[in-house]
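I have a structure here, written as structure tokens, and I will follow up with some questions on it.
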Amino acid sequence: MNAREEILGRVRTALADVTELDPVADVPVAWEYGRATAMADVLARFVETTEDYKATVVRAPAGDVPARIAELLAGAGVATAVLPSGLDDAWRAAIAASGVSVLDDEPQLSRAELDRIDAVVTASAVGIAETGTIVLDHAADQGRRALTLVPDTHLVVVRADQVVSDVAEAVARLAPAVTDGAPLTWISGPSATSDIELSRVEGVHGPRTLLVILSE
Amino acid sequence: MTIRTDGLTVALFATCINDVMFPGTPRAVVELLERLGCRVEFPMEQTCCGQMFTNTGYFDAAVPNVRNYVKAFSGYEYVVGPSGSCVGAVRHQHPMLADHAKDAGLAAEVDRVVARTYDLSEFLVDVLGITDVGAYFPHRVTYHPTCHSVRVAKVGDRPYQLLSKVKGIDLVALPDADQCCGFGGTFSVKNPDVSVAMAADKARHVMATGAEYLVTGDNACLMNIGGILHRQNSGVKPIHLAEILARTEGGER
Amino acid sequence: MTADAQRRTPAPPAGTYLGMPKFQKNAKPALANEQLRKNLRHATGTIRAKRVARVSEVPEWEELRRAGEAIKNRTLRHLDTYLVQLEESLVRAGATVHWARDAAEANRIVVGLVQAKGVDEVVKVKSMATQEIELNEALEEAGIAAWETDLAELIVQLGHDRPSHILVPAIHRNRSEVREIFLREMKRYGTAAPEDITDDPAELAGAARRHLREKFLRARVAVSGANFAIAETGTLVVVESEGNGRMCLTLPETLISVVGIEKVLPTTADLEVYLRLLPRSSTGERMNPYTSMWTGVTPGDGPQEVHVVLVDNGRTNALADPLGRPALRCIRCSACLNICPVYERVGGHAYGSVYPGPIGAVLNPQLRGISHEIDQSLPYASTLCGACFDVCPVRIPIPDMLVHLRKEVADHKKGTPRVEPTAMALAGWVLSDRRHFELAQRAAGLAARVLPHTTHLGPMPWPASPWTRARDLPMPPPESFRSWWRKNREEGR
């Protein structure tokens, strides 16, 4: 018997006590999915929790976003930035005009090339207020996963209408992308470790600087 | 101060360890409940809750204890024991042991008796509805909430409510109170080194409070921590909750 | 260290987990190690406080725990259905699915896949399943270097050590020990640590970043585990902090994920429960820094060859026992380790497994059976204080399971001439009946009358020595309670 058949056979033998064949009828789950978590001000909470993770957060009217991007990149000393193909043209123009050397990922940059680039600028899919999390679904305005991983600075723009209260609402919004096969990256602050004496250190392998613009 | 209840009849579940090693505790329960107007009976058939056997894996040896418990207490409306651990074992393990024995009759009896079994603190607060039992104990005391009283019997803060109403008491908080003292029944002899390390930390916290007395609702844990306190000549005296609640102003004890 | 010279990666300590003596013996040196005790007390205390703070922010925590319990129960009770569905979804998404009955088979599959790519190294995401099957050593034997990339796993690997905690495998090491390990070992396996490095955790993390970056940039094959595998979509989920996971999951051309069969969840929606339960229980954070989800192969993004190895390795043994089954709900958060007073004092190595602490004490005897001394001793490595259940995000009744496993061990030992079954039989006889009990009471009372001025017993020979070595034992008073009752209440009533 092959391993697959044998393991499934073991599982079925092990579950001889289970007589109800419908999983949902067999074990009810008393949980209402996709609920919002009540909070006074979702956007304010998002800013608070994201800053709590040592990310820099700037709130800006949508029209000011290009200017804010340029300022933040300059403030971080960014000389080179890679931009995903679907990034907002106005943002792209502002970055180029600010003197930052702009690279595209077409054809795809090698790992070594990515490693020499200072920053990446992207949009996002969802922001989660309660946890200070930004989720990328790697659509064209966010690019493939390596872009937001290898460069040491990640500037990400989250639209106010993308911010939800908590994880449950976020999962509900993201489920269609998962079904479509899109990878997701959930980011809560810059990379961090607590592996030495449980002492939190920000900045290990992922981008050590996370800059967030909340576009309203 | 006199509190009279309506003459409830209570069966005292002394527990085997108290019967042999700490008879002062069940005596204090008798005095306390009688003072509160209850009629206390002690069914002589009782021995042990069987926890030592169950928790060591010897279920068959525990089943006779379950039968014995049912036999001793089935005729009573209220069964009261001064031990969160033994009461917890009756509540939590006796139904499981009756199932193990594959004895449906026993299981039904167990369910009935278990529902009528109370830790002393539960009986006082929930059944008699009293937190001020008229006790007097002018000493500095720290309270250790024993694991089984809190997590198995689920007595909550009832012992604390009772203690805080004792006249003259100086109740001081115990650091890391919710950590186990390391007794764990046969754990204390099967893993003596870990057990002693835990008990020593607990004793250190007790001594840091400057208390004269360490109080719990379980004499087994008290014996464990007290064993360290005595060895180290700490001067801190272990005492069961019942023995504080039994003392009155001008009383002999 | 001649054998070391031929190795690609640092050698782990000699000996096997299953050859370890019983827990009690392993605990002794750990308890005597003051530095270890200090490291553990500090670390577990810190993480406990963080957990409490983050859990108390969620008013519906208990409701969440119950949902976490129920969803896992549903999955486990219909595991065959969900595994078949997971396989279909993975294949549809372009992944290749492999099944492994045990550790040896899983290792053979992974080694074969790596060899087929013609490479001699892999980068690894921290994964309990690969630790459990001891994949690194299987790869080493095949001449393939497996580089651990999680900081704590790196400390363990470079330290020729074993993990002692599920979440923080190097919890037993303090910063100065980590500095020494990095200075001594990094240069032998890649980019050296700076000679002037201090023991500041930020500097040490920086050294790990530099040491591993070259490996990330060149690796062609990565090996991961998965925290969750979604049956309806074939999506795998890895929850992490440092970004090493993202590096491994994204940069290499080939990704091999070793996943225990109990990791499956029915739907994407179910993640909302576990992504709230896990970080708060585990690291005491509202959310861990990075979570990656991928569904087979994404054209133009990440590994273009994706393998998933579904591993049994004893899980169906646990599944077959309805009282043992709840252990498979475990999401490896470590909250039970951090709260456990026994773990806090002896650390993880005494448990003889990559799964230490309370969950290890119930999981190992089920995954491995109870024929070895270490696995027979694990169910007794607990005071049954119950703190582990209170913090478990999926409500695994660890104390009840420990008692159940103690029965299995006691049954296994029955008939062997040992002290314990005899003592239990004797005590059982004494306590089974009032007359026997009273007889024994008189004997105890007699002892008290022989030593009338003794209130406590000091150090005594065996069998009392385990108790009295550090603790005095009170003497039973001459008069039992029932004797007092007879005199004072029954007579004249």
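The letters A, B and C name the chains in turn, as written, and every chain counts its residues from 1.
Methods note: contacts are C-beta pairs under 8 Å (C-beta built on N, C-alpha and C of every residue); 3 or more make two chains touch, one makes a residue touch a chain.
This one's a predicted model, so the numbers in the text were calculated from it and none came from an experiment.
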{"item": "Centroid comparison with subunit B (C-alpha atoms), farthest chain", "value": "A"}
{"item": "Chain nearest the global centroid, as defined over all protein CA atoms shown", "value": "C"}
{"item": "Geometric centre distance via CA averages, subunit C-subunit A, whole Å", "value": "29"}
{"item": "Rounded Å distance between subunit B and subunit C, as computed from the means of their C-alpha atoms", "value": "33"}
{"item": "Subunit A and subunit B: spacing of chain centres that average the CA atoms, whole Å", "value": "53"}
{"item": "Residues of subunit B engaged with two or more neighbouring chains", "value": "none"}
{"item": "Subunit C - residues contacting subunit A, complex", "value": "39, 42-43, 46-47, 50, 63-64, 66-67, 70-71, 73-75, 77-84, 87, 93, 98-101, 105, 149-152, 155, 168, 170-171, 173-175, 178, 201-202, 204-206, 208-209, 212-213, 216-217, 230, 233, 235, 241-244, 246-247, 249-251, 261, 266, 268-269, 271-273, 275-276, 279, 283, 285-296, 298, 300-302, 310, 312, 316-317, 319-320, 322"}
{"item": "Residue ranges of subunit C in contact with subunit B within the complex", "value": "23-24, 27-28, 31, 341-342, 345-346, 379-387, 389-390, 403, 405-411, 420-421, 424-425, 427-428, 431-434, 437, 440-441, 444, 456, 458, 463, 466-474, 476-477, 479-482, 484-485, 489"}
{"item": "In the complex, subunit B residues that touch subunit C", "value": "14, 16, 18-24, 26-27, 30, 40, 42, 44-48, 50, 52-62, 64-65, 68, 93, 147-148, 151-152, 178-180, 182-200, 223-224, 226-228, 230-231"}
{"item": "List of subunit A residues in touch with subunit C within their complex", "value": "2-4, 6-8, 10-15, 17-18, 23-24, 26-31, 33-34, 49, 52-53, 108, 111-112, 115, 128, 130-133, 138, 144-146, 149-150, 166-168, 170-172, 174-175, 178-179, 181-199, 201, 203-207"}
